[in-house]
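For clarity, chains are labelled A, B, C, D and E in written order, and residue numbers in each chain start from 1.
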Amino acid sequence: MLTVSITHQLGDFSLDAAFEAPAGISVLFGRSGSGKTSIINSISGIIHPDRARITLGDRVLIDTSRAINIPIHRRRIGYIFQEGRLFPHMDVAQNLAYGARHARGAAVVPEARIVEMLGLGAMLKRRPRDLSGGEKQRVAIGRALLAAPDLLLADEPLAALDGPRKAEILPYFERLRDELAVPVLYVSHAVGEVARLATSVIAIEDGSVVRQGPAEEVLADASVTPTGIRAAGAVLRARVVAHHADGLTELVAGGIPLHLPRIEQALGTELRVRISAQDIILSRQQPEGLSALNILPGQVRNVRAGQGPGAMVTLDTAAGPLLVRITQRSAASLNIAEGVSCFAIVKSVSIAPEDIG
Amino acid sequence: MLTVSITHQLGDFSLDAAFEAPAGISVLFGRSGSGKTSIINSISGIIHPDRARITLGDRVLIDTSRAINIPIHRRRIGYIFQEGRLFPHMDVAQNLAYGARHARGAAVVPEARIVEMLGLGAMLKRRPRDLSGGEKQRVAIGRALLAAPDLLLADEPLAALDGPRKAEILPYFERLRDELAVPVLYVSHAVGEVARLATSVIAIEDGSVVRQGPAEEVLADASVTPTGIRAAGAVLRARVVAHHADGLTELVAGGIPLHLPRIEQALGTELRVRISAQDIILSRQQPEGLSALNILPGQVRNVRAGQGPGAMVTLDTAAGPLLVRITQRSAASLNIAEGVSCFAIVKSVSIAPEDIG
Amino acid sequence: MTGWLGPQEWQAVALSLKVSFWATLLALPLGVLAAYALSRWTFPGRNLLNGLVHLPLILPPVVTGYLLLITFGPQAPAGQFLEWIGLPVAFRWTGAALAAAVMAFPLMVRAIRLSLDAVDPKLEEAASTLGASPIRVFITITLPLIAPGIVAGGILAFAKAMGEFGATITFVSNIPGETRTLPTAVYTFLQVPGGEGSAVRLVIISIIIAMAALLLSEWVSRRLADRVRGA
Amino acid sequence: MTGWLGPQEWQAVALSLKVSFWATLLALPLGVLAAYALSRWTFPGRNLLNGLVHLPLILPPVVTGYLLLITFGPQAPAGQFLEWIGLPVAFRWTGAALAAAVMAFPLMVRAIRLSLDAVDPKLEEAASTLGASPIRVFITITLPLIAPGIVAGGILAFAKAMGEFGATITFVSNIPGETRTLPTAVYTFLQVPGGEGSAVRLVIISIIIAMAALLLSEWVSRRLADRVRGA
Amino acid sequence: EDVTIFAAASLQNVLGEILNESELDARTVYAGSSALARQIAAGAPADIFISANESWMTALIDDENVNITEQVNLASNALVVVGRGAVVSLDDLGEHLAGERIAMALVDAVPAGIYAKAAMLDLGMWDSIAPFVVETDNVRSALSLVATGAVPFAITYVTDVQADPRVSVLTHLPTGSHPPIRYPVARLTDSPGARAVFEALSEPDAQAIFAAHGFLPPR
């Protein structure tokens, strides 16, 4: 458990943030310039905040009121920087080894595995300046992971990567989250990443925490500014029950079957499935003859009309509450109001691979 | 018109690419390390390729066979670098002015407008190191734009930006594309960006061009590796016909009405609307009582089953061909085959703001 | 001798300041040019230039002074040319400045080169893409970025010029009011038994002046390095 | 005198090489330490240290030599201490090395400081987050990154040591085979009628040696700078 | 080599020859008289000190840390005006020098300069030449200024002119016009070697060599 409370002035910008990050991945979410990097820097010890108390488990990293300030190198924190910061005088292999050399525990994952996972094999003997932007970032990720830290800080680690590479690396962060006690504080702008990875979400605005809580809650809250309407969605917990011959995997969430393209997970695995509010169509009668495979009956808990043409519907289903974004025009024409029953139509494929995990 | 033909060896990596970029935005699309930055560097003159012929309009920038090699500063090329490269000894205002000072023509957009658009007003007197990652990138964009170049090279200019900020800056690239003759070569990993901006797309793999053509064609091609299935989609041309009181804007594409959340465009404006293949639901009969507002009747041109559980359906509609991704299971149960008629159901809001433009 | 320092001694102080100032000013642009050429260009004779620049460091100062004398002396063509353009150096304070500049040159070039080598060529490329010609890139990007090195080199040169003795006295002698700089005056006192007291006074003066310059440069250099660091 | 150089002259060459080598070796670690302290730490007396380091540059060499003589002479406590630990410097080649090291020290410190100031502290921070203690950060990150500056400083010191005359002859005199270095030998020849020929030969030798060192350092420095540049 | 001689640099040739001829084994250390005197005062391992400068010898005699057991004058020297032209008479000298630069060693510090100034004062020429005096760190530098043509005249010791064909003696300055130029030698230790060297320097053989190099007998 990481607890953070920081007050710090940077020029005109004031940082005044307090939050807790439980085990798992806590995503710091906020607009450019909102103070995410500053928070991360304070935790790592790179910034010495005006006032702060930060604890990691039972270790106090800094407590300005008691004049405690553990130096950076003893904080046992892995930091994946926004700008790589590879050592220019070392080749890739040496950069990676640098983390491992000072590692304060057994490597979480063996080096060979990390090299393979990050696709670094072909460039081990190259120097940073001979790497492409994305390649540098991959090396930086590997280096931080090999240091076997007690807390991992990741500042937009995947921003420079292409989709397929992102998709390859994301599962590793998931493994970190699921298999290890190492808490991860993860800065990201990408809703997909947030939804997929976040155990909890901390939304930052202008240097302050505007919302924090379990990912399911925060992401389901359409009012969280940085997330915004388009990112709203619900996260369901589902269990893998069958792998069908036609390539679909069947999951069950609260008794309701969901069909998704093959997920390589053992039967019985519990997964989190995110369904974006805008990917759901509502229908008053049981739909038929549609290509969409997943239909969840439910009851409208409430309808909130936003500014603009949209309305956000919360639909209670057996699988859990769903968020549905429709137009006010549709809400009116379909008579959608508190208490009415209707059906949520979700295309199986609209649950993006990044949103399952 | 930019024509490019480059052969160059970088360590183990060989670049061997030839393509043409017409006016408008040509997106270079490819995985990390595929050679995008190397191509851009060759065009800008930063890399001197082993063999190359690059022409911009009627100017030859480099022709190694004729020993022509225009120096960087006379190429009149604006370059937004992957890593910012702001001048550390100048404040933001001076960095911006640097571009304008050597500008080779009237500013495309007045400085004040760029400052406002990129949200730089509050940081004009600050130095680069006091900026957040995204702020730096915004300044870099502004600086390149103010140089009034004949060709703009943009290497993942938006990767470090958050969604809302991206959404603010994208329209500017669109204006560049639509209003000015300046061709733009734009590197991006983000399908949304590509779809929205690209006039033409150049797909790179391992240093070679694997596919190039108009954006509509390339993006509709599910086989373009870097794009991948999830990014497939069709781009329709639509015209704004009405702004309704409930906040919806009505467009018409090939006689078919489409409803989208308010788009701030004058009546009569021609827009490109991208509809992702996976955001469409097919129905054999005319659907009723659904919250989805956009229903396009059409006829199946062909069905291609991919590996995995999916199938890609090309549906000819009056608005143009649509790509629809459904499961093979649905295709079978709905009897979707070449020649059958059916309806494409698109939620108005599933046309993402980034995909309109 | 009235007061703590006599008029002759004050004269030496003033002269040393003048000589060091001009020596530094003379060496600076040439030093930047030489450093740039050595750091960025490859040309035939590069090693020769490098060697020449360092020569005054390697040679005993007296030898450098002697070489200056046979190059710029009243009989030598170079000396006569300078005289002809109205800038005679033989046995003039201008010659003292020349000697000090030559002696300080290697220090200055080294300092500037180190700064130059640390400039990220990517920034220069970026300026080129913005349409800046090589000369403008140099003036607007390279020069400001190497400013700390130039200041460091300048102060090194100034300090060296304040202390230069061997080459100066060999080249331009010790003419009161014209070429009798502080170190020459100090040397004079040290040659006679019991002259240490007067020498010490002059040494203290030089130390104070050089320290002031040093502190100033330190301050300027820090501010510049600060401006330049981190992007 | 047999051959081109007589045995005494060879002796001076060998001695100068030995003295310069040890002077450089002595100055290097101290130079790195002083440069680091001046560049990174703030402590009371920082300005004083800075001044002290630069003193040999400012003072006429003869004065520096004189100060060394009264500090490390056989009668002075520091000199007696060194003698007691088995490292006498007075009128020994070790003293010549000490004098050369002191004279070269400011050049070396300046060179190293410039390199240090150019090191991006972000890289050091990154190493800290990877668990490297300050001393390890210094050894594994800072030191390799300032290697070009160290090489530059080292060669500057070596060249200066090869040419140092005033302080050396004042401090440890001109004892053949013990403290008669190349520049001192040159001086000696210049003092007698007809000695110029020998002096010129020795000057040529020093030039060749210093140029060789220079080229070597140039090469090493380029390779290092290359390794270190660009991330 | 158990005897170390600290000697003024200008005595290098003559001393080398004397040691050679007399087959005495000694180590010679040459530098400016002032530097050597200071080093001896600081404890330098010198057995014999030959100074070109009487006042430094006097200073050492007065120094209580230095134990000088014997002291004697070895030779003396005379001043000449050198140049690249023909001989001039002393009477015409003033006219000859008028308005031209003349080099001499530092007139307030280095013996050759001090004597030269004294001579010029005595001859009543100082005031007219003073603005044109070019002072050098030692007398040899003054000579080389003439040799390279940088200045037309210099005042040096007669012993300096010998080997350089580019310069010639224009006129000899009267020995009475300046204080006697003496080369005192001192013995600082009591070893037999030191005694032997000290004695040998005053022997007729040594004196002949001094004379051959242009030195005058001790005064």
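By definition in this document, a residue touches a chain if its C-beta (ideal position, glycine included) is under 8 Å from a C-beta of that chain, and two chains touch if they have at least 3 such contacts.
Protein identities per chain, from UniProt: A, B = Molybdenum import ATP-binding protein ModC; C, D = Molybdenum transport system permease.
Remember, predicted model here, so these are calculated numbers, not experimental data.
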>> Using the contact definition given at the top, which chains are in touch with both subunit A and subunit D?
In response: none
> Which chain's C-alpha centroid is most distant from that of subunit C?
Replying inline: A
> What whole-Å value do you get for the distance between subunit B and subunit D if each is reduced to the mean of its CA atoms?
Replying inline: 60
>> What's the distance between the Cα centroids of subunit A and subunit B, rounded to whole Å?
In response: 26
>> I'd like the Å distance between the centres of subunit C and subunit E, where a centre is the mean of that chain's Cα atoms.
In response: 35
> For subunit B, which residues are shared contacts with two or more other chains?
Replying inline: 83
> So which bits of subunit C are touching at least two other chains?
Replying inline: 62, 122, 166, 187, 190, 229-230
>> Multi-chain contacts only, two chains or more: what residues does subunit E have there?
In response: 144
> Can you name every pair of chains that touch?
Replying inline: A-B, A-D, B-C, C-D, C-E, D-E
> Can you list the residues on subunit A that touch subunit D in the complex?
Replying inline: 44-46, 71-79, 81, 83-89, 98-99, 102-104, 127-129, 136, 143-144, 147
>> Quick check: in the complex, which residue numbers of subunit D touch subunit E?
In response: 62, 66, 69-70, 73-76, 90-91, 169-170, 173-176, 187-188, 190-195
> For subunit E, which residues count as touching subunit D in their complex?
Replying inline: 4, 6, 9-10, 12-13, 27-31, 35-36, 38-39, 42-45, 65, 138, 140, 144, 159-164
> Any idea which subunit A residues touch subunit B in the complex?
Replying inline: 10-12, 30-33, 36-37, 82-83, 122, 126, 130-135, 138, 155-156, 159-165, 189, 191, 226, 228, 230-231, 244, 246-248, 259, 261-262, 278-279, 281-285, 287, 289-293, 308-310, 324-331, 334, 336, 345, 347-350, 352-353
> Can you name the residues of subunit D that touch subunit A in the complex?
Replying inline: 122-123, 125-134, 136-137, 140-141, 144-145, 227-231
